[in-house]
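A, B, C and D are the chain letters, set down in written order, and residue numbers restart from 1 in every chain.
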Amino acid sequence: MSFAPEELLACALARLIVARPTAHVAVGAASPVPAAACWLAVKRGAPIRLSLLHKRSGNPFTEGSRELFDLTGQGRVDLFFLGGGQIDGQANLNLIGTGEWPGREVRFPGSFGSAFMYMMAGRTILFREEHSPRVLVERVAHVSAPGVSEPGVFRRGHAQALVTGKCVFAFDPARGRFILESVHPGETVESVRAATGFGFDVAAGVGETPAPTEGELALLRGPVRDEMLETYPEFCGRVFGRRAAA
Amino acid sequence: MSFAPEELLACALARLIVARPTAHVAVGAASPVPAAACWLAVKRGAPIRLSLLHKRSGNPFTEGSRELFDLTGQGRVDLFFLGGGQIDGQANLNLIGTGEWPGREVRFPGSFGSAFMYMMAGRTILFREEHSPRVLVERVAHVSAPGVSEPGVFRRGHAQALVTGKCVFAFDPARGRFILESVHPGETVESVRAATGFGFDVAAGVGETPAPTEGELALLRGPVRDEMLETYPEFCGRVFGRRAAA
Amino acid sequence: MITLEEMAASVPDGALVALPPDNSLPSVALAKALARRGAKGLRLLGVPVSGFATDLLIGAGCVAEVQTSACSLGEAGFAPRFTAAVKAGTIRVVDATCPAIHAMLQATEKGVPFMPLRGIIGSDILANRPDWTVIEAPFTGERIVCLPALEPDVAAFHAPMADEAGNVWIGRRRECATLAHASRRALVTVERIVPGNFLEDERLAPGAISATYVSAIAVAARGAHPVALLDEYGFDAAYVAEYARMARTEAGFAEWAAREVFAPRREAA
Amino acid sequence: MITLEEMAASVPDGALVALPPDNSLPSVALAKALARRGAKGLRLLGVPVSGFATDLLIGAGCVAEVQTSACSLGEAGFAPRFTAAVKAGTIRVVDATCPAIHAMLQATEKGVPFMPLRGIIGSDILANRPDWTVIEAPFTGERIVCLPALEPDVAAFHAPMADEAGNVWIGRRRECATLAHASRRALVTVERIVPGNFLEDERLAPGAISATYVSAIAVAARGAHPVALLDEYGFDAAYVAEYARMARTEAGFAEWAAREVFAPRREAA
């Protein structure tokens, strides 16, 4: 059965979500793929509460935009998603820009809440579709949010994994280093290495990222799409559109 | 024209309220006399906003019971009222009790917000009808809220005055000492001194606390009573009752 | 959805139980149920002061400690069982001051280990709080009190309604939201369950607490009585005055409690 | 009650003006009026991020500085005038991170000189904020960031309605309440004025800001447009996409502004 690249990514993310105990996920990134992954995990029966920050009606928060951060500070957010204009081999994120501070060469929008969320969420899955030496760098130009922290600094969680358009990396916070876990169909360890600006380890059992099953695709194109239609109409049309119309 | 003691006190308090620039008064004490004084000032035309904490309908706060304290922290409360189980010559308040901490001899209800409000409101009028050596002591058994503060401690305001059933004292925070300003009808400097446990100065122009004018009484027994009826029905009946029914 | 008695059973002896005071959504129904189940050694926290429910629990022998900024029955005067217990030394009283209790809960709400608060310095409350400290504030250099984050084991309050999704509507009593955010478990009694989802309604959402923070809900009609509940019912001054009179003595309290707390099924009537 | 143009005139050049972002009640109407009056040297604060109104004010040359946690047009991409101004160095950008902006405003709301916040340590945001500091926290001993209280000169936002008493209803966007509490003056544009008093209504009070905190109100129908306003109207994606396209160049922005900001009486239509 054919599938869109976004469907593969959603399934890979959903597997990472259910791989660890997860009561509550907040999805703040504008990207719809993590949202699809969360809904897929839920529709497969995982007892997960989702707080979808971009949902217009039924926004989960009644204390305004600070509630997500308070909630995370309380330790009630088990999993958050982050991306980055640059991500480096120590899992540092750069959402500020390149060139002289504050981004005189290329300016990204800004850190949003990443400098807090990355350290206070139970764990974070990094997601960035573009997999290139421009994005995945040896050392970010500016650290918006650090991948690891010194002793004496409160930190609840780290990156669990980095999912890109080419592969899935795990992250080892003790060593501050990524480990290639699987490559997506059509990629190899070598093609990933060529496209990655940072050094990484390769897992002993590295293989291919599993293709979505028929059951997963049916959920994505049915109940998951239904949940996402209000917030991400363009995405649903492009990725699930044809199939859903059939 | 005859008047109730509470009417005299309300008029004395109202004069203290308008004696200094006052945009916003919060009335938290259970005693209705300060509330009557505030309404009297307003009904005489002073452009004062009142936050009446005991008002059941139309409670002024929409952030729960912390809002009064935040509001005061912001410097938006120009005047607050406090009383005390004991008040001493340095304007220290004791709302805790006597005997071994926390009041093994006589236990008062507790400090409420006084330890904060007394230091953070623009100023405070102390009000206690009972004027006796038992209440007005040389030194309180326990300080719930201090009358003066050391340098290096943020403090926005102090006691403006202490109004009792016998007299009106001003307070000089620089000297930490009360000054007798006026005695109520029937009292003398000597009778006040005999009933007061702390030493105090006597103002050069000490005189009698002015009796309510006819205009003040008409306001108290009419529009002020109308505003207070919902919150203080018993008080309105006792103090304004007969006259209002006439 | 559980029953009131199940809710009371879920509160372990010795728990730190936070209760809002009269006029701020106390669950008197749950307090009575805790007395019926014979809870022991509870540590009560007044948010930020204590009222009828606290006095009742002290009278029923459920309480080891009260942390509060004041305990009173309002117009009905001093809280009689609290006052007697202080005098007798049978409970430990930890005095605070209202904004300090709010700040300690907000520290937990925000996930910070402490919160600064102005005022208090010079008060003997500070001298009797070895768990509070004074620092030189960054930026201003002033001496300022720092309060530790406080995380109740249980928050208990009474709301007018919950919805089918488990959200609870508390109106403008936002201190109950902070309390739920800051507590390990929030136990909420309600007048009724209503259809729908408050979070989907822009008019109701601002007064709601998301089900994220709510551990259990039990229906208890008139569960705040004799305290007033928003615009739903008023304060039963006669009931409280009678309590205040009878509870002046231990025997009087026992008589009152036999009739008003332990008499079977009275709550369900 | 004043007019929109009077409100814009009351904001002095150089003022620190706090603006909520898209989807959180920005007053785009007031931003346009500020551009029309030719405001200069404004220091904008994103609460906690910045959107369409900020980009518009930068494009119109009103802005000297932006303190924010991010500036973007959401689905329409990067904020073009912000991005160009950063590159050209014509505005000063002070980067923060969302909960830090909330905490700095909450410090002012609570009347404390600073607030602690976890996280941030290890981020270059901290390295570029000489006005933030790190202390050893009381109680836990951890290293923790302390943020100074931040008091905007002006808070500006757009609400669905105000009442006759001057109270403003903002629903669940409580960050606007904190913002009003923390600011010297709160300027609020509204869709409409309604009879009565929100504070007398238990259902509306939780979403209201008391008039105590509101300095001025002006009616501006569709004053959030092209941003969505709660359940009243949706996001005008086509309008923002056209803006994003035209504002890529200074000339394109000028053309857009001539039509959408400066064309006489367009706002009143």
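For the reader, a short list of remarks on this structure follows.
Just so we're on the same page, a contact is a pair of C-beta atoms (placed from the backbone, for glycine too) under 8 Å apart; a residue touches a chain by one contact, two chains touch by 3 or more.
A quick note: this is a predicted structure, and the numbers were derived from the prediction, not measured.
Of all chains, the one whose CA centroid is most distant from that of subunit D is B. For the pairs B-C and A-C, the larger set of C-beta contacts lies at B-C. Centre to centre, using the average C-alpha position, subunit C and subunit D are separated by 37 Å.
A separation of 29 Å divides the Cα centre of subunit B from that of subunit C.
Annotation: 41 Å between the Cα-based centres of subunit A and subunit C.
Note: centroid distance subunit A to subunit B, computed from Cα atoms, is 59 Å. The set of subunit A residues that touch two or more partner chains comprises 57, 59, 61-63, 69-70, 73, 120, 154.
Shown for subunit D are the residues that touch two or more other chains, namely 110-113, 117-118, 140, 142, 144, 172, 174, 177, 205-207, 231.
Arrangement of the chains shown, judged by which pairs touch: an irregular graph that fits none of the line, ring, star or complete shapes. Annotation, chain-chain contacts: A-C, A-D, B-C, B-D, C-D (touch as defined at the top).
Of all the residues in subunit B, the ones that touch subunit D in their complex are 24, 49, 51, 57-63, 69-76, 120, 154. Contact residues of subunit B toward subunit C in the complex are 30, 56-57, 59, 61-66, 69-70, 73, 95-97, 101-105, 107, 109-120, 142-146, 148-150, 152-154. On the subunit C side of its complex with subunit D, the touching residues are 103, 110-118, 133, 135, 137-140, 142, 144, 146, 148, 170-172, 174, 202-207, 230-231.
Of all residues in subunit D, those touching subunit B in their complex are 108-113, 177, 181-182, 197, 199-200, 205-210, 212-213. Across the complex, subunit B is touched by residues 23-24, 47-49, 68-72, 74-75, 78-79, 82-83, 86-87, 89, 93, 95-100, 102, 106, 117-126, 128, 140-144, 172-178, 228, 231, 234 of subunit C.
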